[in-house]
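Given below, in the form of structure tokens, are the structures.
The following pair of complexes shares a single chain, subunit A, combined with subunit B in the former and subunit C in the latter.
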Partner chain A sequence: MIDNKRSKRLKSLLYTVLGIGLVIGLWQLMALLLDQPVIFPPAASILSSLWQGLTDGSLLLRTGYSLRLILIGMGLSVLLAVLLSLLSMLIRPFAKLSHILISALDPLPGIALLPVAILWFDLGEKPLLFVMVHSILWPMLLNILNGFASVPVIYDEVGRSIGLKGFHLIRSVYVPASIPSILAGFRTGWSRAWRALLSSEMVYGVIGNRGGLGWDIYSKKVYLDMPGMFATLIVIMLIGIFIEKALFDNIERVTVKKWGMRI
Partner chain B sequence: MSLLQIDNLSQRFSNAGQQHTAFSELSFTLDAGEFLCIIGPSGCGKTTLLRSIAGFLTPSSGQVLLNGQPVRSPGQHCAMIFQTFDQLFPWRTVLGNVSYPLLVQKKAANKRQAKEQAERYLDMVGLRNFSSYYPHQLSGGMKQRVAIARALALQPSLILMDEPFASLDADTRTMLQRELKRLWSESGLTVLFVTHSIIEAIALSTKVLALGAGPPSLRLFEDNPVQGPRGQLKTPSSPGYSEYWSKLNAVVRP
Partner chain C sequence: MKKVFVFLLILSLCSLLTACGEQEDPDSPASLYLAVQYGMQYAPVYVMQELGLLEEALPGVELQWSNLGGGSAMNEALISGSLDVAFMGIPPVLIAIDKGADYRISCGICVPPAQLMVRADSGITQLSDISEQQRIAVPSITSIQHIMLAMACQKQLGDAHALDENLVAMTNPDAYIALSSGSQVAGHFASMPYIAYEQADGFVSILDAEDCLGSGASIVCVTTPEVAENEQLHNALLDCLQEAISLINARDEQVLQIIAEREHITLEEVETYLDWEGSLYASEVYSLTELGEFMAEYGYLSKDFAGFSSVTWETAVEGQPSDAQDAE
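Now for the complex of A and B:
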């Protein structure tokens, strides 16, 4: 049993490595065929730029800065989403309000709010966080509310018939029963956070106190540092894969998968 | 005072603008310790009646009184076992499904006590060795047994069962009928049991409510005349069985 699990993990690791190798190989092939290193840099120069950025700390510093902002943005958004979804469940008219807010505000690209946010909050991290929370909150809230709305009636009735009400019913029945949707909300929120942060920095340069990865790409573009830009993109993708594997996959493993719920 | 009093109860629904009456002007009383089986053709309002008693539906007219008090909302006054297999919380283990309601209703002082009580009832339905399983790892019959254990562990004054054995194979059904009858006779529970099967109704009940598809006059509410040893199922060899079967059949399938 345990051996089986370990060999499964090894297998999946092997496939990941093979997949990455394949992508690098194909990339290198394209670079050779096109033979235009300025616009399509060879894999080796991208990897060496990545290595350099990681070892001299410049890329790491910017990654750390971006991650910090993203975690704060996610944290604030989760708090707000929890609050708004609870209010929507407990107070009927509030649910209507939430849905109106979502349909009005979700289509507004965060970047379009940045000028306003800068006027309101001045330069610094506040306008960035404002734009990020705006980008994360609405899809997250929508997923949570949709999840609650599609909880099978039977769980609600069983919950009420054993004596659960109000907040307790939500916490003990609605939340576990909608974990698949809640996770989907977190995933969407996570990718929206990156988009908001990077696009803000790329349009407006350093808005925060220091530059993050968006600023990194922006400044590399000025110097036409193609390998460097791709190195930064690789860092962003690696973080994405890491979070998916280390966080979301594990949460799913100890919840919905273990419970035999459909995802 | 009787435990349950149904007073001129009617339930109407409006389906697509049309008024639909599930049943109207139903009255009966039930004493504690009875085993009432409710039979009738599909759509005659059996589930609707149970849901009214459980408090999921507000009466269109009339009332449901439990110990003299009108039932207003679902809650601890009774335990309900639903018609479907998916009534267990998939995110709790078998043990958790049984022990959690005990904590909610403060029928156990702490988690350890709740666990012990839950284990006792799981033992009764023969599932002690499956405590740590999740519902999706159980068969349909086992799930229904957990649901029964969950309801019994709460020691409610009234237990409502909506065709709990309907989708089970014949062997499992007979086994669960036996267990239920034994538990009922040992515990002094009051049971309302909905079934499609006249055989099951005669085998289990002390009283029978037959709802016909026709006008309310076709209803029948009476003691089950077929006698058997207490705590055991009544079988076709019990005296009066075939006559009573014919009588119920005529009401249910006129």
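Now for the complex of A and C:
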């Protein structure tokens, strides 16, 4: 049984290494065919730039800065989403208001609010957090409310028949039954947070030279440091894969998969 | 079946990427792709455009105009092969050539005024007064304003990168609003007409192009080798730009009207801004060598600057600061 598991893991690792190798090989081939290093830098120069950025600490500093802001933004958004969804469940007219807010504000791109955010909060981290919370909150709230709405009536009736009501009913019946939808909301919020932060930094560079990965891409772009720019993009992709595998997959494993809600 | 699908997917991706690298033949005399930016410093270009000078000089050549928002976008368009002629500041051109781009400067079009404006109540009278929290807005990193500020930092503070942490990249209108709203933006390295707007609002100048460079720096016309090698095309372009510059300098009424309409300002404002101290419309290229040497010495370029002729076509004439002062 253990051997079987280990061989499965080895196989998965082998496929990952082969996949990465194939992508690098294809990239190098394209770079050789095109022979335009500024447009399509060779894989070797991208990897060398990535290595340099990691060893001199510059990429790690930028990554740390971006991750810190994203975690604060996610934290604030989760708090607000939980609060609004609880209010929506407990007070019916509030649910209608939440849906109107979602319909009106969710389609509004965060970057469009950045000029307003700068006027309201001045430069620095506050306008970035405002844009991020706006980008994360509405899809997250929508997913939570949709999850609650799709809970079968019989679950609600069973909960009530054993004496649960109000907050206890939501915590013990609605939340566990809506976990797949809530998780989808977290995933969307996470990717929206990245997009909001990177685009804000790239468009306005509102935090000067002390910025995160968006500022890093912006400054490398203006200096035509294409290998460096691709290296930063690789870091962003790696963080995405890591969070997906280490966080979301594990939460899914100990919740929805364990409870038999999803295969 | 799955393997065949994956193979086809990779194959189509490869062909797509190859297609991305294909460029239209820029040597084709049938069309010429030109891009300009916004602002009065580009007046010779849009005067040439409005008067149809280039169409007259190059019958049969279809002119495709576009507006791009900065030197970085110009570099990307030139490198990707979607542009033949671009009008931009000197530093982004030097960075692109340093990275291996094959385009060069054909001529100058204008030396615009540039001033670092600060709020009168900010307590800033020189660069050393700028605190860690105060921000200086420049149109973008590697813009001429950014490099001029670095030159002034080197002169006044002994460190070209002393204010790097204070920089914020904002367009002129956004920086004007930020400066006016009493935000952390305490200074704006502005160009016309924002210098005039900010001066009228009580902001004061603590630094100008002359303090940084000795004279202003040119906005230049950049052309690809295909254009420069096509003598008829290249000469026609340079002659038309020179004609537009001469008309601006002669304060031709029709030309003043064109500028007023383009900039949404009155004729009086046009004349005021054209006569502004430090403003010069000329085809000579000013301050290129000074900028190149500074940028190479302080790490903005990766290689040594090999001189004026290494980044220009033969048509470019180096302007002397004394000539600029006489012309003003």
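The criterion applied here is as follows: the second predicted complex is superposed on the first by the 253 of 263 C-alpha atoms of A that agree within 3 Å, B and C clash if a C-alpha of one lies under 4 Å from a C-alpha of the other, contacts with A are read in each partner's own complex, and residues count from 1 in each chain.
One rule holds for everything that comes next: contacts are C-beta pairs under 8 Å (C-beta built on N, C-alpha and C of every residue); 3 or more make two chains touch, one makes a residue touch a chain.
Just so you know, these numbers come straight off a predicted model, no measurement behind them.
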Legend entry - Which partner reaches more residues of subunit A (counting touched residues only), subunit B or subunit C: C
Inset, instruction - Once the structures are superposed on A, label A:154 by its partner contacts, choosing first (subunit B), second (subunit C), both or neither. - result: first
Legend entry - Contacts of A:258 with subunit B and subunit C, given as first, second, both or neither: first
Inset, instruction - For A:56, decide between first (touching subunit B), second (touching subunit C), both and neither. - result: neither
Inset, instruction - Answer with first, second, both or neither: which of subunit B and subunit C does A:162 touch in the superposed model? - result: first
Inset, instruction - Determine, under the contact definition given at the top, whether A:249 touches first (subunit B), second (subunit C), both, or neither. - result: neither
Inset, instruction - Once the structures are superposed on A, label A:176 by its partner contacts, choosing first (subunit B), second (subunit C), both or neither. - result: first
Inset, instruction - Starting from the residues of subunit A touching subunit B, keep only those that also touch subunit C in the other complex, and list them. - result: none
Inset, instruction - Spell out the residues on subunit B that touch subunit A in their complex, using ranges where they run on. - result: 54, 56, 73-76, 78-80, 82, 84, 86-87, 89-91, 100-101, 104-105, 134-137, 150, 154
Legend entry - Contact footprint of subunit B on subunit A as seen in their complex: 152, 154-155, 157-158, 160-164, 168, 172-173, 176-177, 179, 255, 258-261
Legend entry - subunit A partner contacts - residues on subunit C that touch it in the complex: 10, 13-14, 17-18, 21, 71-72, 75, 79-80, 92, 95-96, 99-101, 135, 140-142, 164-170, 174, 177-178, 181, 183-185, 300
Inset, instruction - In the complex, go through subunit A and note every residue touching subunit C. - result: 26, 30, 33-34, 36-40, 115, 118-119, 122-124, 204-210, 218-219, 221-224
